[in-house]
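Shared between the two complexes below is subunit A, which pairs with subunit B and subunit C, respectively.
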Partner chain A sequence: MENTRPITTYQAAAILISTIIGVGVLPLPLFAVQAGDTGAPLVTLLGMVLGAIGLFILTFLGIRHPEKTIITYSEDIIGKVLGRICSLFVILFFFVLTGLAAREFGEVVVTGVLQETPLEVTVIVMLLLACISCRNAINVFSYIHNFYLPMLVAPVLIVVALSLKNADPLYLRPIIGTNLPHMLFGTLTISALFQGSFIITMIIPFMKNPKKAIKASLFGISISGGLYLLLVIATVAVFGAEEIKQIFWPTLELARTTALPGNVLQRLDVIFLAVWVTAVFTTLFSSYYFTIYSIQQLLHLQDHKMLSCSIFPFVFISAMLPQNLIQMYEFIKFVGRVGLLITILYPGILLIIDFIKNRRRKENASQQT
Partner chain B sequence: MVLFKSSQRMKKLEYGKGSEPCAVLSSSLDETTAGIKQVLGDNDDLVIKSFKVFGQYEAAIFYFSNLVKQDSINHDILKPLMYVPDHLKDRNRPLSQLAELITKETLYHSQAQPEQSMEKVIEFILCGETVLIIDGMEEAIHIGTRNVEKRSISQPETEQVILGPREGFIENIQTNLALLRYRLPTPDFQVKTMKIGRLTQSTAAYCYLKGIADENVVQEVERRLSEIEIDAIMDVGYLEQFIEDNPFSPFPQIQSTERPDKTVANLAEGRVAIFVDGSPFALLVPVVFNQFYQTTEDYSSRFMMGSFVRMARMLALVFSLIFPALYVSFISFNPELLPTEFAIAVAGGRAGVPYPAVVEVLIIEVAMEVLREATVRLPKQVGGALSIVGVLVVGQAAVEAGLASPITVVAIALTTIGSFATPAYSAAFALRMLRFPIMILAGIFGLYGVVIGIIFIFNHMLSLKSFGVPYMAPVSPENYQGMKDVVFRAPLWLMPRRPAFLNSRNRRRLSQSNKRNGFDHE
Partner chain C sequence: MRRNKRNLVLLLLFVLLLPLLSGCWDAMEMERRANILAIGIDEASEKEQEKDGEVAHLKKSFQMPNQKLIKVTAQIAIPGRIPLGPDQGGDQKPVLVMSVVGHTLEDALLNLQQQVADELFLGHLRIIVLNENVAKQGTKRLNDFLRRNPEIRRTAALVVSKEAASKYMKLAPDLDRVPSLYLADMVDNLSSLGRFPPSFIGLFWTIYSSKGQEAYLPYLTIKQKDIIELKGLAYFKGDKMVGKTSPLEIGVFMAVKGDSKGGYGAFVHVPGTDQMVMVQVRSRKTKTKIELKNGRPHVRLKVRYECEIDEKESPKVKINDSKVLKSIEKETAKDMRMSIEKLIATTQNAGSDVFGFGEHFRAKLPRYWNRNIKTKENWEAAYQQLTYDVKVDTFIHRVGMKAK
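What follows is the complex of A and B.
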């Protein structure tokens, strides 16, 4: 009676959007400005394109193997041993990503809202939330993402719309930026923010219609990327590139400068942070789920539920590894760039090998006949 | 009633010790009488009346004097049996044909059936039927003379409406089913009954519309009901606890209602209704969460009015869950969010209060819960007085004594009123309970704690299922057609389909030729 392919195209797109929009929303304008000064929107756009390339490679791979995830089809493509080793790296990467997202979240909360609460407590609470939610089946996973989607998109749009009255379009010029090689390097950092889109490889085997994954990817990347772009444009237009470099979380600052008309609430930043918790949760939830689901597939286990609790302490430890905020962001940038090898290069190689193999198989078949 | 002839499962009755009755009736009247007396003889209200059928055969009838319609026994049973009817006077009346002769040609009663098992015979007597036993015949004849006092149909107490029908279910299951039958004169309306409860032998019934309800759900209901093994069923709530999907969830996964019109509306959407004798409530499955803040009035009034009232109710729902928690986190963590004038007023009000905001709110909330419970239990005349005393005197005094700030009292009052606005008692109760953990989270983590708590609750709700239907449908999993009936209520002519999540085989509820159907593209 239970449907084995419950996820609709809309839900797949929702999963992508809410996975991509996460902790990164806060430092995003800073990263973009550091890379390209006034060219920040352009850098963001380039990063988005790079992220989209990775996503589409994965989507094509998924459509070619509609029953399998990257963990299982990599064994078919590059052999059992090599495939498993690579899968191990993928899992390790998402494991670290989960820890880092929780840590980054904890840092923001401790700095921004709850100054006297220990960092460990906020991180543990957030990880626990993800850990417990991960005990559900994949259809509940998609329901959760689907449900929270409006709550992620709306606050960003509201803050952007309300901040426009302080905006100065002059800050956005020159659009191309000044230092081109530096910009291209920064693009890598930005595109690392789109790494959550890797989740598509887990979704495709559960989609009602795997062929439509392309459509879902297209919507997912363009909506999340569009939001990022809007955010960067608004932040740069309000503060200007030089000022942003002095601020750690420019998006939060943007929320702070805006007020609801009518003086209902004096400030919006805390409300923004509160809603942003949801965004962090969905991202954390995705990477946590991906990690345990992949472990389950790698080890051919029956169930992923018990894994959810058993990896919890290790995720927590990995979250606590960076010594401080500065080190953490260095680490995040580093992991992000290394991650590009895993999320773009590795699937790219897989796709090429798969393509060649398939061709050869066809040639063989035609020779035999 | 013909409906009840299909009793699917008769569980073994538990008799007193050492009184195992013989399985089949013997042909001797004395032996049978002795057998029945052995089981039921201690009861003074058991009547055994001996007489002669047609002046020829020794016979006796057995019944419980206070469970039967005495008139009917005298006129419809005893009279035709003792005084040979005209059309039988000249005929031969042999013992071998007696059973048929009596049931078909003599008794003035539509519910007369032969029965051979001793166990059944005793059960019939216990249920209020009259059993006729004739010497030399191996069958007994049981006649439906049951007559139990019941109250009249009155307005449902728990689900009042301003516009709409005034009828409510009563305790008697036959009346309840009759209330449905008269609204649904269609052969598709199916009623299935079974006996549940070893001691109470309660008649449980589940009804659905064939071709509209999902067969899988119907089968699932049948399966879950038949697995219940309990001695006594007092109310349909007993069944609910046995058949719900997740008993550890604070949220109700089955809706109970007192209203026949609501039941029929739900049957027509493709749900299954469950009744049990002795309970004035029907259970409706499967349910989704948004049903709990909807009323029948939403549909019977014009759509703008219905939508507006529904939105107000949703707001009340949200209020009853998070308002005190928001208050606590604003006051103790983020007073800078409030407009300055208001923040000063709040601080002034709280000047004499010794506790942190969370303790203050918790004290008042607990007091409120106690008051509310007391008001429900008290007789009506006293209840009114108590609520005035509680609200006015205690609230006022608490503020003056410096136990609470006036704004806290306002906040709690809003919350309490908000929780009364939810039409479904069980759902309101779930949120009422969950309010406390969120308040405590707010006291520890502020706004961040509130959000964590809400995410936790939503995730739980999203993972719930009621008879295979996701609890948060049609919001997630999404369904465009279904969204027309969640936050607002679209005009009836704009909702041509039954809810998709119920997997009805027959999707359309408006016919194709509907005049306003031009709006329905597809």
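What follows is the complex of A and C.
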């Protein structure tokens, strides 16, 4: 018989890391600096903590319902109709997220590297790649993530390490930014970059040992968050807060300024972009997979494979909706913050209701005996 | 029947894949690219003002009344003539030098494109030479285009020249067969030799954007025919160049800035005699402490020099005694302190905080900064009132292989 629970704890952590690290890497320092000036690393840390809270709520929920995902157990907790309506929002949100990630990818490629290539082509190619890969079963899904993980993490670390040559620690001070309320608002934008961690709800039912999901979450969020933090620290230390405000993709600019010693490579952006394409793919892959898998569960279908191609045109259309780069980022920030309602608040409410229900059930049980 | 169907599907698939064979939209053959290696920017002369191209705008429709046109001279590599090894490349010139005028850099480059058959490509741009007069009017008109264009390298060099920048484009130094590469390598090597603090266009922007410091660039001049010399450091206020230093003052500047690599030496008067010895700086260590004295910004600088004696002027002076060395150390320290103070005073008059003291105040005293300074302009004014003490310690560690 086929193993229905093939995913190990480390695989789950790897899926989380490679899902979280995605398109957001490029504008991350800009978002952080816009929110907190020199307090950007602190903003990132706070964002990470907020993201972690959401992730742990989901993990707890998953452990309490080890056979089900948020789509199915929400029906148990808040009732069939309400649960389905909420699930519809979750699916819609990840659907839009997929489209936007593909679009952001396309914009960067067209502006930064392939200027003559039509935007549609880069977006379609990326989406098609995710669409085809999504026809696989969950164990292939986890293998793909595991396979790419080292290629995602290593180059980022290399760029950060080499760039520190040009760093000036003075740019990082004062560590606490200047405008506190503004900073907290920015934290929301940053924590939206951690929304990929929602995927854990889909993984837990496939884990060998669902109880260990907490460990996987801890690893996942701390490694990806740590990488984000390093990146923000490095870019702020090299460019300073004021300069970052002038650059759309500070991380890319950092790679462009950094040279491999000995004039082997005078700019690292080519390597970095190659890596980043994989990072985008894994993120897109996850959100796409999550979207179709959730639709399958919502409609109680046998298989998710055929959904993969049928939602493709809609994802593509949603990707092409924003008119230009600036409109797209306004939209991404807005969607990201609204999404927090779905990725943090909604699971939070579910968890509380679940707790109360459980206690009542226990009380009832003890009264009866 | 079923097999036929399968074959048909396969065939269809191949047909679908056919368009992919045409390749990439961005495919571009090397030979069809006009690689710009270097750009020189001058003020256009009265005669050249008339040459405006009407490519990006019609005559007189450009809303920039009081600004003169700039003349852009570009060095374009001729495909196949760039020598790749010692045996390659004949006597033909490897580059083509062309001049155009325009309101902004992009405007000028569009005019240039109108005259060149191949597509201009800026990915190999290594150096941009700014004429002193253009630098004094401000680099704003160039920055925006250079930042937006994804082809530009952030590590390209930016320098200020005394002579017309177009002259630098036409130079043909004997040391390297590609003139602009010689120029770019020279500028890049300055910092590894300790002759100049690190300087490239990305760093220039970074410093220009930050509120508490002002940018600096190398200031070059042409010596005789085809020989370039580093003549000092051009310092800026905002995006405008406001002054330049002497070459030795670059060393002083690096000391204040805290650049540890020493490269400059100076003649020091030996106390009690009328002779001089050459003291070469090996490395330095700088500590910058800041504080508020009666609500006014105050800087305490402590510089420690590690030196050696390279040469003495005449046999009369004997440096075989540690007492003599001590006195030379003291004399050196005094000299250095005076030159540091002089340089700070000069830049204060110009209102240009090239040393980045303002960044220290912004970083370490955020409350003072937010209450009293906040903008770059305010700091420029505050810098002129800045007070400072300078303390210099000099240590001579070596005197070379000669015993006396």
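Assorted remarks:
As a convention for this text, the second predicted complex is superposed on the first by the 369 of 369 C-alpha atoms of A that agree within 3 Å, B and C clash if a C-alpha of one lies under 4 Å from a C-alpha of the other, contacts with A are read in each partner's own complex, and residues count from 1 in each chain.
What we mean here is this: contacts are C-beta pairs under 8 Å (C-beta built on N, C-alpha and C of every residue); 3 or more make two chains touch, one makes a residue touch a chain.
Since we're looking at a predicted model, the values are computed, not measured.
In the superposition on chain A, A:Leu341 contacts neither subunit B nor subunit C.
In the superposition on chain A, A:Tyr143 makes contact with subunit B only, not with subunit C.
Of the two partner chains placed by superposition, A:Ala161 touches none, neither subunit B nor subunit C. Shared-chain residue A:Val277: touches subunit B; no touch with subunit C. When the shared chain is aligned, no partner comes close enough to touch A:Leu82: not subunit B, not subunit C.
By the document's definition of touching, of the two partners only subunit B reaches A:Val125; subunit C does not.
Residue contacts after overlaying the shared chain place A:Arg267 against subunit B and subunit C alike. Residue contacts after overlaying the shared chain place A:Gln115 against subunit C, while subunit B stays out of touching range.
Contacts of A:Ala259 after superposition: subunit C is touched, whereas subunit B is not reached. Across the two superposed structures, the residue set of subunit A contacted by subunit B and also by subunit C is 113-114, 117, 266-267. Per the touch definition, subunit A reaches subunit C in the complex via residues 38, 111-118, 121, 166, 170-174, 178, 238-243, 245-247, 253, 256-257, 259, 266-267. Within the complex, the subunit C residues that touch subunit A are 24-26, 147, 150, 153-155, 198, 202-203, 205-206, 209-211, 356, 359-360, 363-364, 366, 370. Subunit B contributes residues 216, 333-334, 336-340, 445-448, 450-452, 455-456, 458-459, 462-463, 468, 470, 472, 475-478 to its touches with subunit A in the complex. Note for the complex: subunit A touches subunit B at residues 1, 6, 8, 10-11, 109, 113-114, 117, 122, 125-126, 129, 132-133, 136, 139-140, 142-144, 146-148, 263-267, 270-271, 273-275, 277-278, 281.
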